[in-house]
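What follows is a pair of complexes built around subunit A, which joins subunit B in one and subunit C in the other.
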Partner chain A sequence: MSRLMRTSEVIGRPVVTLNGQDIAQIKDVVYSAGGGAVGGFTLAGRGLFSGPLKQGLSWSAVMALGPDAVMIRDEDVVSSVTEILDASVRPGGSGGNVLGSEVLTDTGILLGTVVDVILEVSERRTCDVVGYEVSASEALGTHSAKVFLPLPDTLSASGEHVMVPAAAKDFVAHDLAGFGAAVKAFRKNLEGQG
Partner chain B sequence: MEWWGWLLVILVVAVLAVAAFWLIQRRRRAGGVIVDSSVSPGNPPQEGL
Partner chain C sequence: MLYTQVKGRKVVSTGTAETVGRVADLVIDPRSHTVVAVTVRGSGHGDTVLWSDITAFGTDAVTVPDGEVLKGANDAVKELSGTAHDVLGKRVLTTDGEQLGSVSDIDFDPQSGAVTVLVLPSGDIAGSRLVGVGPYAAIVHAA
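Take a look at the complex of A and B:
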């Protein structure tokens, strides 16, 4: 059993230790293009005037990604933010923010602009990027509407463009409830082609 | 200028400074989704495209 969630639901969520200490909040979600696995999070302070922290949280240190808080064992599991970025963003990768990036197919068709990223959190304690919520272009026939676009197992993205196979536009979902099935069908379709 | 005029100026500057700092920190705290942009083994670079 797995569940889908938007990264916007995770960003800003408090990070709480099992002692009940509210130590930070989630700032950025960091994931790898090679497989879409979430490597961790960068953190920001909880105070009204606090900014980004130099500490980050690796996915392996997360005990639970609950609807209201991200639970960790204690403050010791928090690591340096450079370790989080190094773990997911390999040397040579510029590691851009995909929010606001344009989605292009491998045939050069603009499908829209990324407004959110969809995560799949499984019971096996894995967390992967499985799709984008996109403000659709005319190519999807629903100009400016928000739709869900499934992603293959291996992603290709930069801070400016994200690439998807042309077949992705045939598996667009209009709500998050039906998106899980669309991702499975899309990936099965790709396997069939390969 | 009267003393209360200077006091008013100081108060306005202080409030504006706090508001500006808060806005800057809010922007710095705003989240994103950072991706590894390096080419993965499954998507080798294709020359000549």
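Take a look at the complex of A and C:
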């Protein structure tokens, strides 16, 4: 079963080995080149006074990204954080930080600003960026202040704007439960056009 | 037999018919899902008896051949004992990263020492699903 989650919910989640040890917690999500998938995580120590760690976790080392913990085999699977960050560098990109960016359609309509990134962990053990939670603009004409906007497989983003196809507007969901279906419908719609 | 019921049970030597101590804790090896040793308090000898040295795990007493089988913990037992490895009261995580609750009791087979069931408020989990136990959580295979 695939599972949708907000990036903000993943941050702070404990990283636990199969021996039941919590070796770290998720500090931030690192997106892989292109920004369409999760490449790994930076880590922070557990406990009140612990700061960022020199180790990071690549997505390939993750056994499961669950609702309560990130499971890894043992503490040997962590790698250096620079390795994780290097693998994610996007040529000319913003490093994957889209929070606060304005979402513009390719027809030049502002849909809102990004407040969270929605991830989908699939059965095939991939972790894709499938949408944004967006603080909606008036153009969206929705009643709720925050909506879920599906994303195509690839998109262009700068620190300032995220460009989406105009059709994204028609596949907005108001809750995460219905969002998985909306993403599928949206992507199918795009394929149909191409 | 339930873990919470055996705590404090007396340990009696069949050779001398004397009480040599009381059960303090069970030492569980999560890899084999079995009780590998019992720690004993109030003993004049050592504080650990290996499961293989126990004559019987009865409902009223644990019997051992004599007090001499109570020794200091060997390295294998030391590695599995201590609060970090206590299963009772520990949160349970599946290998999928889902939290199921905390272990409120452990059912084990008094003959073989096999851990048969982890009792949680949310329901029972087969002891054979146990993967590892550490300071943060007991890990079980996802159903």
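Just so it is clear, the second predicted complex is superposed on the first by the 183 of 194 C-alpha atoms of A that agree within 3 Å, B and C clash if a C-alpha of one lies under 4 Å from a C-alpha of the other, contacts with A are read in each partner's own complex, and residues count from 1 in each chain.
The working rule: a residue touches a chain if its C-beta (ideal position, glycine included) is under 8 Å from a C-beta of that chain, and two chains touch if they have at least 3 such contacts.
This one's a predicted model, so the numbers in the text were calculated from it and none came from an experiment.
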Partner chain(s) touched by A:Ala64 [first = subunit B, second = subunit C, both, neither]: second
Residue contacts on subunit A - larger count, subunit B or subunit C: B
Partner chain in contact with A:Phe179 - subunit B first, subunit C second, else both or neither: neither
Subunit B versus subunit C as contact partner of A:Phe171, first or second or both or neither: neither
Partner chain in contact with A:Asn97 - subunit B first, subunit C second, else both or neither: first
Touched partner set for A:Leu48, first subunit B, second subunit C, both or neither: first
Partner chain(s) touched by A:Pro14 [first = subunit B, second = subunit C, both, neither]: second
Interface residues, subunit B side, partner subunit A - complex: 21-22, 25, 28-43
Interfacial residue positions of subunit A with respect to subunit C in the complex: 14, 16-22, 63-71
Subunit B-facing residues of subunit A, complex: 7, 11-12, 25-35, 42, 44-45, 48-52, 85, 88-99, 117, 153-159, 162-163
Contacting residues of subunit C [partner subunit A, same complex]: 90, 93-99, 131-139, 142
